[in-house]
Amino acid sequence: MKKLINSVDSVVTDALTGIAAAHPSLRVDLDNKIIFRASGPRPGKVGLVSGGGSGHEPLHGGFVGYGMLDAACPGEVFTSPVPDQMIEATKGVHGGAGVLHIVKNYTGDVFNFEMAAELCGDEGVEVVSVLVNDDVAVQDSLYTAGRRGTGATLFVEKIAGALAETGASLADVARTGREVNERSRSFGVALTPCTVPAAGKPTFELTESEIELGIGIHGEPGRTRAAHAEAREIVRVAMDAINDDLPLSGDLLVLVNGMGGTPLMELYIAYAEVAAYLKEKGATAVRSLVGNYVTSLDMQGFSVTTCSLTEELTRLWDARVETPGLRWGR
Amino acid sequence: MDTSFFVAWMEEIATAVQAQRDHLTQLDAAIGDADHGSNLDRGFGEVRRALADSPPETPGSTLMLAGSTLIRKVGGASGPLYGTAFRQMGKSLGDVPDVSLAELSAALDAALAGVQKLGAAVEGDKTMVDALAPAVRALAQAVQEGVKPEDALSAVAAAAQEGARATIPLQARKGRASYLGSRSAGHEDPGAASTALVLSALRTAGFRTW
Amino acid sequence: MKKLINSVDSVVTDALTGIAAAHPSLRVDLDNKIIFRASGPRPGKVGLVSGGGSGHEPLHGGFVGYGMLDAACPGEVFTSPVPDQMIEATKGVHGGAGVLHIVKNYTGDVFNFEMAAELCGDEGVEVVSVLVNDDVAVQDSLYTAGRRGTGATLFVEKIAGALAETGASLADVARTGREVNERSRSFGVALTPCTVPAAGKPTFELTESEIELGIGIHGEPGRTRAAHAEAREIVRVAMDAINDDLPLSGDLLVLVNGMGGTPLMELYIAYAEVAAYLKEKGATAVRSLVGNYVTSLDMQGFSVTTCSLTEELTRLWDARVETPGLRWGR
Amino acid sequence: MDTSFFVAWMEEIATAVQAQRDHLTQLDAAIGDADHGSNLDRGFGEVRRALADSPPETPGSTLMLAGSTLIRKVGGASGPLYGTAFRQMGKSLGDVPDVSLAELSAALDAALAGVQKLGAAVEGDKTMVDALAPAVRALAQAVQEGVKPEDALSAVAAAAQEGARATIPLQARKGRASYLGSRSAGHEDPGAASTALVLSALRTAGFRTW
């Protein structure tokens, strides 16, 4: 393992130190490992807190700022954060209008956010959670821990965040967050594994001619291993999986997301195939993002996330956002 | 079994987990996300520190402190699960200064109930429950049969180890490994493996303090 | 080699197709391989054209838009574009005020841009070039092709682009572009090689315990091979090389740039070390960027670029920019 | 040497470069950026197409078209350099329908001058000049000694190959390889290697058309 780190044990703290130094718009609580907006909570605005294991940067810390999150809680690499962090974060962003927890559906994240929400409730801070579970590679059944939360997390954070800025109520912000999740689907593919610093070696092994289909964002192998193929074919597998679950039509928001080690050039090649696929189906990507947004350390691969837009969701997507990872609008 | 026994238990767990850290992480790499060893090593290291910083007065408070520390420091699925397990044991023991085998059995039962309440896993789902549940049964039986404490704890350790090994062929239905579907079969569940370590440490703690 | 591509020969065209699909603000001329602003040339504004080999994305196509470039010419992977492209691009952005060519100092880029500039001059379009050569790993002497142009290209494109938007003359825009280049220095480090699609295998080999110091952005090995070390030490080597060439002091603009395959988390770890180093020297990064901006395909590694700011340069850096790769201001 | 000879030359180059594409790219990977083979393969493929699309009437126009095509299609350092070389040869040949060995020698001289004017490389800088310059000298000598055309072209090829091989120990002072400093020594220069292919194709073209 060759990484640009000081030590396996200090990766999260060292990265937070760098984030603090790089972004005057953020305030980093190094003791509690929380990334806040430097401006503090805005009275009357619903606070948005998300978090999860580290290693997915820019998610979530890179999405703290106007129009998105109020705070992010990074755990150790691929390990959900702990309730203490979430409680501190929740109290720190509470502006009197309650706090929304945006939780990716993983057993650990769910357990820890639930505990935190309960304890915050005891202390008089109203907390509502939105669970993100967009990954169609996992069947949501009694035989699994349910669908994983992946790329749609960014959509929920952006759109719920935009609504919160308008002064909407906690119930409304949560309802819209859930609506975004329900309208979103994802599928991921790995060309290579990633290496968790503490593990020191790749999470799985693949030959030069194999890929993993239906991966999550924690370096786990996918549902099936397949032969490497042209971008066109790989994208088709991903898009078919999404389309089989929720037929693609109308106006879409589309994310072609890199897993951390994929060159942007290849992501654009994949996006071209996604656009061609959508055309076939009569759907249109009226909004899109191509880049590394929800990553798995140094993994090479990509995921596609689609969200079926409404007029309101489009307006909220377009609304001003000012975070290290996403920035647009005025 | 007095407070020093339970403190010794925590120390033995910390030592065993540290020694098996990479092994546990590699088990997790195969069907999870390669952090179980570092999660528990970090967690039980913190437990050891917490117990040294504020030495507990009863077996129950030892386990409550251990459980809260795990919840506060570990994260992931295993932090809340192990944390809950120890806290439920602690609650079950209450203030008793010296724990009988029957009381330990009831406490382990409470631990299992807590884990199952939180995680909703049943035996066969390929989780830590597959190591914990048979261990709980083994202790209950030992109590009923009135065997010596050493032998009772040996039976607990053996049952947990056997339970962990038996997860190998199973397909996971809870936790991260469930994402793999049938590909999760053929690998030992990391949480079951660590539970076997935790329960084997109970016996080692006995050897050390008795 | 395992890449998300359709074929080795179509990577540039396929990526351009994706860029065209993803960014309505851009117009992509697929035949000539040029990325233009969709809005066309603005009369009276100096046009900015840059370009170079592909494989450095988002450079340059991702920097086309308000406040930066008017057009970008991507060549084949790591191969400078051809004069025809540059001539088309130059004519296409000419708004009557002349055109600035921003050229990274590589033999091929210089040759091809020179030929294009000469032919454009023949056709009555005034062209001035700014040569970027910021890489301190190469000695600018008779014994080399001169210092390479690397990370500072982004600074020149941003700052010259901001000045051009104000209606400044070609001579002024060029002068400011050169000033930025003169005030900038870079140094790059590779943890792994990259794989050029047409070559099919990594450009060099490194063991688990080796790194390359003083690399460029084309997958070439560096000036020296060294033992892998902590981020802190590696950053110190890079910063010392910069500081030895142009002592660091005062207000700086700092880029910690990923080579394409480095997780953002590691770049923030490196940034923390850069900030600590600057503090030691009494300098401050008053503006910074951390991320993948000037890449080498899938290489793992990073580069640091510093630019000693003036008030005017700071103002131009802060000015509104709206491109796929950089966006801020109002 | 008439137009068909020069068209045959271009075809022979295209064939040789295609066959050696990966070799040239690997030479460039060692001290450059791993594109020389694909650059030239793309370029001479285009030259072949251009000549088929608009068959030239004179040796000079054959080389002018080849040179312009290379400049228009290749990019990188080698596109303008090879393009300039062929264009300068073309200019030097003018309208003559049948080129004598002496005229060819003057044309190659013009090619070298063009390359050196553009690239400012001298012999020993580890560039294509190290293959081209000795070949130019070899042809001049052959013309002076009045040897048969076949032998003259063989001497050209041999001198270029020898020149290319002699770049191996050199430290590069021009082009990308110069960035490597002393690490560029020990590798053959890709442009010198391709120049040897280009000039060897001259001889093959002779065998084919004579």
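Going by the order they are written in, the chains are A, B, C and D; count residues from 1 in each one.
The rule is short, and it goes like this: a contact is a pair of C-beta atoms (placed from the backbone, for glycine too) under 8 Å apart; a residue touches a chain by one contact, two chains touch by 3 or more.
In this text, all values refer to a predicted model and were calculated from it rather than measured experimentally.
Touch-path distance (fewest steps) from chain A to chain D is 2. Chain B and chain C have centres, each the mean of its CA atoms, that are 54 Å apart. We define each chain's centre as the mean of its Cα atoms; on that basis chain A and chain B are separated by 32 Å.
One finds 74 Å separating the Cα centroids of chain B and chain D. Distance between chain centres (mean CA atoms), chain A to chain C: 29 Å. Taken as a graph of touching chains, this assembly forms an open line, each chain in contact only with its neighbours along the path.
The residues of chain D lying in touch with chain C in their complex are 25-26, 29-35, 37-39, 42, 71-81, 118-119, 171, 173-176, 178-181, 183.
Chain contact summary for the complex, chain C toward chain D: residues 53, 75-84, 106-108, 111-112, 115, 137-138, 142-145, 148, 196, 198-199, 201, 203-204, 216, 218-221, 223-224. Contact residues on chain C toward chain A in their complex (touch as defined above): 1-7, 11, 14-19, 21-22, 54-55, 57-58, 62, 191-192, 208-209, 211, 228, 230-232, 234, 256, 260-273, 275, 285, 288, 290, 292, 295, 297-298, 300-302, 322, 327-328, 330.
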